[in-house]
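Going in written order, the chains are labelled A, B, C, D and E, and every chain counts its residues from 1.
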Amino acid sequence: MPIDVHFLARLFPALLEGAEVTVELAVLTMAICVVWGLVVALGQATRGPLGWAAGAYIQIVRNTPLLIQMYIVYFGLSLVGVPLSGFASGLLALCLQNGGYVAEIYRGGLQSVSARQYEAGRALGMRRWTLYRSVILPQVIARVIPPLANQGISITKDTSQVAAIAVMEIMKVAQVWVESSANTYDVFLAVGLIYLVLTSVISVGARVAERQLAFVS
Amino acid sequence: MNAESSLATDVTSPRPMLDMSGIVKRFGANEVLRGVSLQVARGETVVVIGPSGSGKTTLLRCVNLLEDYQQGTVAVDGEPVGYVMDRGGQRQRMAEREIAAAREKIGIVFQSYNLFPHMTVLQNIVAAPIRVRGIPRPKAEQRARDLLAMVGLSEKADAYPARLSGGQQQRVAIARALAMDPKIMLFDEVTSALDPELVGEVLAAMQQLARDGMTMIVVTHEMSFARDVADRVVFMDGGVIVEQGAPEEMFASPRTDRVRQFLKRYNDRYRI
Amino acid sequence: MKTFAPLLHSYWYLFRGAGMTVLMATTAVVPATLLGALLALAQIFGSRATRSAIVGYIFIIRGIPLLVLLTFVYYLLPLTGVDLPPFWGVVLVLACYYAAFMSEAFRAGILSLPQAQWDAAKSLGMSRRLMLRIVIFPQALRLAAPPFINLCINLIKATSLVSIVGLWELTMASREVVERTLAPFQIFLAAAAMYFCICYALALYGKYLERRVLVGH
Amino acid sequence: AQDSVLDTVLKRDKIIVATYSTSPPLAYVDDKGDLVGFEIDMAHEIAKDLLGDPNKVEFVVVQSDGRFPAALSGKVDFGLCSTTIYPDRAVRIAFTRPYIDTGNSLIARKDAAIKTIQELNDPKYTYAILNVPPAIERARQLLPKVKTLLLDSPSALFLAVKTGRATAFNIDKPIADYYEHENDDLMRLDVTGTPFAYVAQDAIFMKPGDFKWWLFLDTWVGELRYGSRYNKYQEWYQKWLHKDAPPQRAYDFNKY
Amino acid sequence: MNAESSLATDVTSPRPMLDMSGIVKRFGANEVLRGVSLQVARGETVVVIGPSGSGKTTLLRCVNLLEDYQQGTVAVDGEPVGYVMDRGGQRQRMAEREIAAAREKIGIVFQSYNLFPHMTVLQNIVAAPIRVRGIPRPKAEQRARDLLAMVGLSEKADAYPARLSGGQQQRVAIARALAMDPKIMLFDEVTSALDPELVGEVLAAMQQLARDGMTMIVVTHEMSFARDVADRVVFMDGGVIVEQGAPEEMFASPRTDRVRQFLKRYNDRYRI
């Protein structure tokens, strides 16, 4: 398969424009999910209807394909009179689904902090919020960074699915170029490389963060 | 009790520092405490001994409501902790914030140190004073350094717990509890997880504390500590207090068979 | 009732698609698991060169969207002289892709066993192979069961991408019906429900395994 | 020298064809689950002409991303899936002459009250198209002001307009005809006299460089449109597009 | 040493059951064993004592090559374990399979039991005999039941380790090691992780074993065990053997200051 260098030279600037949208989507999704996932995880930890609802939410979003969720958000919301843009719909769907995954990551992190840490905090007179903020969450965060980074990588790859709802991210740009040039190999090669670069940035960033946050344990 | 020391309090006060009465605690059908009552006077050091499973740990955990209990009340320095009696004579659980406040008065040190691994030694000690009691950071840090000096760990202020030996970690845990200026300190087998070589340093810190007039309940298997430091030894078995008294009397001439047996087995094991 | 007419006419078609999804996923999960175990072992016991080769493999696989890999590998294979029918080609790609993730899960399971278990087995005179088989694997597999199940769920959802290389399954089936009937909501929701039933059943099984693991320790 | 695909096909006694299954009325799955349509009939007819049996054909259902590599990698003998001849494409793949001329339809929401194409050229409207080069090019040239929305299936276009995401959309005329009955809230804009009325030409495509194979397929298409197979062509037009096929070429031999 | 017991062996044999000579072990730059030589006769029980970090655990782990060591050799019953000397006088590491075979002759019990949690008690015990030594299952199970009876756990054969107390688990671990019919048993602080109440049952099992003529090296802090059971006590410090001798002599009149100090501190702690 000969690589068409001239073609790639024309392709790359276009792909990079798409990559910008991809990065925006991925970064926003991660930022929102880091918070939203925690909310869901804490909600799930409570008893009663809230915990039940959080659990149901997690199961539903995790066990259905993202593409279909995206469709429902994009076209469904529009039917009921809330026409979010493609970007916003994609972001919402990505956050909904990955919020479920991130919540599970937090749950694992919370469970990995031993009950004795809670007791030690309570014995010092800490109330729930102080206990969580200064004792539990810092430990949870240090522990969830590697799985969160993995999730970040899969979010980055998942953004390719918003192509289906007319967002001009890298995959959509690629599709348009494939359509016009019939040169699937070169386009997908370039796309693969760009994703690889993006995801490596996350891996490296996570490793740095992990080292920063690591307390000697 | 050294009346001149900084922590010295009025030992002659009629009101006990800790007053537990009729504590009953069940785990399911298993009645682990069967109506335990215990008064500890100001500045007194009570050592609790007894066979495994007799309820010693549970008793300590009930004092500051780490375990909930089904009957009985606890008061520290005259003020109820956990439950109050309402007008109808019914036990009423206090609000969480009141319980949290009451816990500040009670320091507890566990067998497994339980330091916060993500904080340095100093941060471990100042966290609660600053966040719970609102003490300004400089003042809290000064106090923390004093306490570290007292337990002989001044130079470890900025180390993380994982870098310390077990004995050092346990001394930090003691300093952390003391930083809240508790009225009473509870120790649950704080040397059991330590290498024999390291036990001494922790016991020394506790002995110093007792000498300074802190009110203490110490659960331990270290009989020599009981002998040298305790004002009173309490022997628990099967969820009740079987016998109590001054260490000399109890070790020399136990009144009950159960204690005699227990001590004999101990002597057999540790006599060279 | 008219709104559901498309669904009533085509539910059997969707069921067949779901059957294909399950068939493809179960066929792919077997080699993925075997290859994943092999990679995990090679990464733990292999030479330095082997280890870096595997690390590189996992890095690349994890960094590129499945869609890109699928197109690339499937359509590049014939150029190298290997020509697989679509089903087996897809199974091959899915297996290689998920093996990377599975090896990470297995490796974590093996490494999280305390050194003491190895010591105990060694001191009883067990050869490495024997101790792996009767002491390490049985425990590591239990520890790895929950992430393994999650990966299986991801694999099932990922089969929705394979239509790009001409394989027919639930997502493709629903798109076919949608394009004919223009009833996207009814059809896609039905498809989502089918995915949910398959994946959630698996998730429940995973929960059950997880609980059994906890009891065992 | 390499064997021509033609030889391979004859030896194999079967043709392998890339098609869509989501593109009514050209190639789609009917409610019995069978692959049917204009292009499907074509493929069967090719098999019959080449191998003597219309059933000696294997369909590989592809999506637009996958159709070109399917042909280039040799996974299929040729592609027969609504593929418009386009110069950039012709650099990498070979087209036969076109087998169908498709015009465009512009469909708008009735409640948008748009009468002409010119009115649509307004930033307050959104215009949905497939992400294919001719449509994109047309949009750029003819409706530079309107917001465009690139979607990847006809159903998504319909849905976008029906749910109010877009005001109007552009689609191949046969497809619009097929969906005609579905939509009383939509209306067609008149495109006569505009470039939307120009024909686009769909053709069979294959890996380039195989003259023998190309010649066969091209000849076959020529015969379909203008020669011995024209009656079939007419039949399929009636059956799938509900109208007459474009006329066979006939002119006054004496004059030229 | 009871000459009539089933495990009895010829104590008068000139060849020692265990012969370690000149073992040097480094962790990086840290020399943990500095040329330790130790012979243990058939049927002899050697108790190793010494402060934390003196290398006791490391020594035991070197015997069956759980740790690799840099110099020295080990032989069990005259046969080398781990390293042999070639003609040129160079140490040569044995092949893994030979090492595995040699390990069968050496039983070891750890502080943390290390039972296989996914196997029942019986499975834990028969796994190695069946799969490593190829003993038929019925025979292996019969032997396992005999051993369980010996450690007083007949009724727990089908329980999973998680259901047992620490003392019970430790006794199973002893039975598991014995099931391989080792020529020598190594014990590394096997009672340190146990509740004081449970220590006795494990020590009793070990005492029985010694009485039956098993050759044993026991690292422990239980001085009464050393006193009652040991034929010889070895005191280690800083990676060398500082002093050794009969327990009566050593405890009554230690020759070195280091041992005297160590024993004094012990006595101070445990005397009631």
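FYI, a contact is a pair of C-beta atoms (placed from the backbone, for glycine too) under 8 Å apart; a residue touches a chain by one contact, two chains touch by 3 or more.
All figures in this text were calculated on a predicted structure; none of them were measured in a lab.
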So the chain most remote from chain B by C-alpha centre is D
Dist(centroid_CA(chain A), centroid_CA(chain B)) in Å evaluates to 47
Cα centroid separation, chain B vs chain D, in Å, comes to 84
Note: chain C sits from chain A at a C-alpha centroid distance in Å of 20
Residues of chain B that touch two or more other chains sit at none
Among chain A residues, those touching two or more other chains are 75, 184-185
Each of the following residues of chain C touches two or more other chains, namely 71, 75-76, 79, 184
Listing every touching pair of chains gives A-B, A-C, A-D, B-E, C-D, C-E
Residue set of chain C touching chain A in the complex reads 59-60, 62-69, 71-72, 75-76, 79, 153, 157, 160, 171, 184-185, 188-189, 191-192, 195-196, 199-200, 203
Chain C contacts chain D in the complex at 9-10, 13, 16, 71, 75-79, 83, 86, 163-166, 168, 172, 175-180, 182, 184
The chain C residues in contact with chain E across the complex are 114, 116-117, 119-128, 130, 134-135, 138-139, 142, 215-217
Chain A contacts chain C in the complex at 1, 59-60, 62-69, 71-72, 75-76, 150, 153, 157, 160, 171, 184-185, 188-189, 191-192, 195-196, 198-200, 203
Touching chain C in the complex, chain E uses residues 61, 64, 66, 96-97, 100-104, 106-108, 110, 112, 114-118, 127-128, 131-133, 160, 162, 176-177, 180
